[in-house]
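Working notes, beginning with the structure itself.
Naming follows writing order (A, B, C and D), and every chain is counted from residue 1.
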Amino acid sequence: MTPADPAFRDRVATAFAAQGFARTLGARLVSVEPGRCEIDCMFHDGLTQHHGMFHAGVLTTLADNACGFAAMSLLPPGGEVLSVEFKISFLRPGAGVAAVARGEVLKPGRTLTTCRADVHMRDASGRETLAATMLATMMAAAPEARGANPATGARDIPAAPGTRRIAAPP
Amino acid sequence: MTPADPAFRDRVATAFAAQGFARTLGARLVSVEPGRCEIDCMFHDGLTQHHGMFHAGVLTTLADNACGFAAMSLLPPGGEVLSVEFKISFLRPGAGVAAVARGEVLKPGRTLTTCRADVHMRDASGRETLAATMLATMMAAAPEARGANPATGARDIPAAPGTRRIAAPP
Amino acid sequence: MTPADPAFRDRVATAFAAQGFARTLGARLVSVEPGRCEIDCMFHDGLTQHHGMFHAGVLTTLADNACGFAAMSLLPPGGEVLSVEFKISFLRPGAGVAAVARGEVLKPGRTLTTCRADVHMRDASGRETLAATMLATMMAAAPEARGANPATGARDIPAAPGTRRIAAPP
Amino acid sequence: MTPADPAFRDRVATAFAAQGFARTLGARLVSVEPGRCEIDCMFHDGLTQHHGMFHAGVLTTLADNACGFAAMSLLPPGGEVLSVEFKISFLRPGAGVAAVARGEVLKPGRTLTTCRADVHMRDASGRETLAATMLATMMAAAPEARGANPATGARDIPAAPGTRRIAAPP
């Protein structure tokens, strides 16, 4: 797939860096290629469900981000994405020293982009096992005014070079 | 719906308290009734996506927990749940001072329980707006041995009174 | 919900009548209200899966149609819909003398409409049991040129009064 | 993947032949391998949505069957499957002379099997285009008593050699 914006890597990196929740998880943007994105996250006690493994919500967040940024990599300059919906199936327990999500675009579109992502558990020796798989719909957000949380007045994220602020979704 | 275990509230509260990720979010178990569960979470900068609103992964985690604990409330003593899969649709931006997820059981079963959850945004005046809706499949986990993360040796969660340890899933 | 087109019932009825597959099933458009649609279908031997009950694909088709036409009822004159995606959970066996799907709009939008539908089994006494539930995303199709199947040259459907032909999707 | 039943092909072929709905569509069981299944269906006027293309419900039925029989191929003798739930995303219009669904098992299990399927459109020259993709959960049905539709008394399907009748689901 051919990116419409040669600066797509910077655009994705800036959006990723602006996510307070990615910082909270300790998630790391590993790589972005046209139509692809990899994100990983080390296991720690703050990410567990009630059996001491990765919470399903952590794996889902990583997969959602991997899909969203895979979609964003193909958008024209200033293009941003919103998650319309996704479905995730959990195949094996979330037991590993790290979780790795790899997202890819199945079908790009001007408005909607359909993506999939696999989430693997990585053990101490680096071996990976498939733990979850996602199918997601992402929507290109009109780059108009990037809104702060209107209900809280939460500090707005400075727009990255080459991006404009986006309006509220659907 | 009639609970099979009169101590279902304690069982759910113990499991919720054992989730490191719920603590990381600042999520709060508001209520558990037979086949129903409500969980909420105040907005803060550590929960944002790249536009300064609630990350989709936060809303998903709250909804997953609300579905899982609604299912768990109907299980016999010692019964625990695992998320098999879920799908969530995002209807409006995650903009609010708090997010509130309400889960309910659509169809209980010995092995599988189908649930749904709505996630509302709450504004400063307490008014709520529907932001997302989930459809989920939960699986009753055989209460045998509750495993620590085998890859990390992460500290095991002490079993609650009336629960036993559960084995790895499907 | 307020319909943008007072002739929404005719528009939906015309689209429903144009579905060869609805005729094949023997499906019937029971009612259309703003943001709501009900469709039913009598059981017969041509609709079974391998245990002699309604095939999951039949229930899914009814639910997809009920969601799609619920969405279509709120669109402006000429507006048509396409299914972007859906997820359906099967709660009980598809055993009944008829299946009844009721769809409703959860969140209308200019481009995307999120819908849900329940599918009930009806027995000989008219009693209903919930058999399946769907969550769906529908997309408004630009009313430009309603395409025949380009690969087959299949006979085009005459456009209804007040509709225009629509172009291919996303 | 290794089949637990050397006669898995016969078992799948018998179940497929017992589906009244597959006959109604004109669907054809192309191939079954351990953990894989391909089903196709020629386009005709009885399978259309309101724009003269394949109805989403047809593509979904083919994908559901391809997933279900891929799962069934790995079950022990007598094992049958029920669809627990699935999600399907539609990527391109259902325009072709035939639709081809290919299902595969992502994760087999004693109780639950997670599958995926792609549905391609085939044009007159045999070229294929991806039109839809499904993620599905299948459940192994206890081979006890294969039920007729209790509400209709519809003619029961004769059990295949090596199969027993199955009980009602979850």
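Please note the rule applied: contacts are C-beta pairs under 8 Å (C-beta built on N, C-alpha and C of every residue); 3 or more make two chains touch, one makes a residue touch a chain.
Fair warning: this is a prediction, and the values are worked out from it, not measured in the lab.
Undergrad: Looking at C-D, A-C or A-D, which one is a repeat of the A-B interface (more than half the contact pairs shared)?
TA: When the contact pairs of A-B are compared with those in C-D, A-C or A-D, C-D matches.
Undergrad: Once you count every C-beta pair in contact for both, which comes out on top, C-D or B-D?
TA: C-D
Undergrad: Approximately how many whole Å separate the CA-defined centres of chain B and chain D?
TA: Centres of chain B and chain D (C-alpha means) sit 33 Å apart.
Undergrad: How many angstrom lie between the CA centroids of chain C and chain D, rounded to a whole number?
TA: Centre-to-centre distance between chain C and chain D: 22 Å.
Undergrad: Any chance you could list the residues of chain C touching two or more other chains?
TA: Correct list: 84-85, 87, 89, 91-92, 107, 114, 135, 137, 170.
Undergrad: If you look only at chain B, which of its residues touch chain D in the complex?
TA: These residues of chain B touch chain D: 84-85, 87, 107, 109-112, 114, 135, 137, 139, 170.
Undergrad: So in the complex, which bits of chain C are touching chain B?
TA: That would be residues 87, 89, 91-92, 106-107, 114, 116, 130, 133, 135, 137 of chain C.
Undergrad: What residues on chain C touch chain D, complex-wise?
TA: 15-16, 18-21, 23-24, 43-58, 60-61, 64-65, 80, 82-93, 95-97, 121, 123-124, 146-152, 154-157, 166, 168-170
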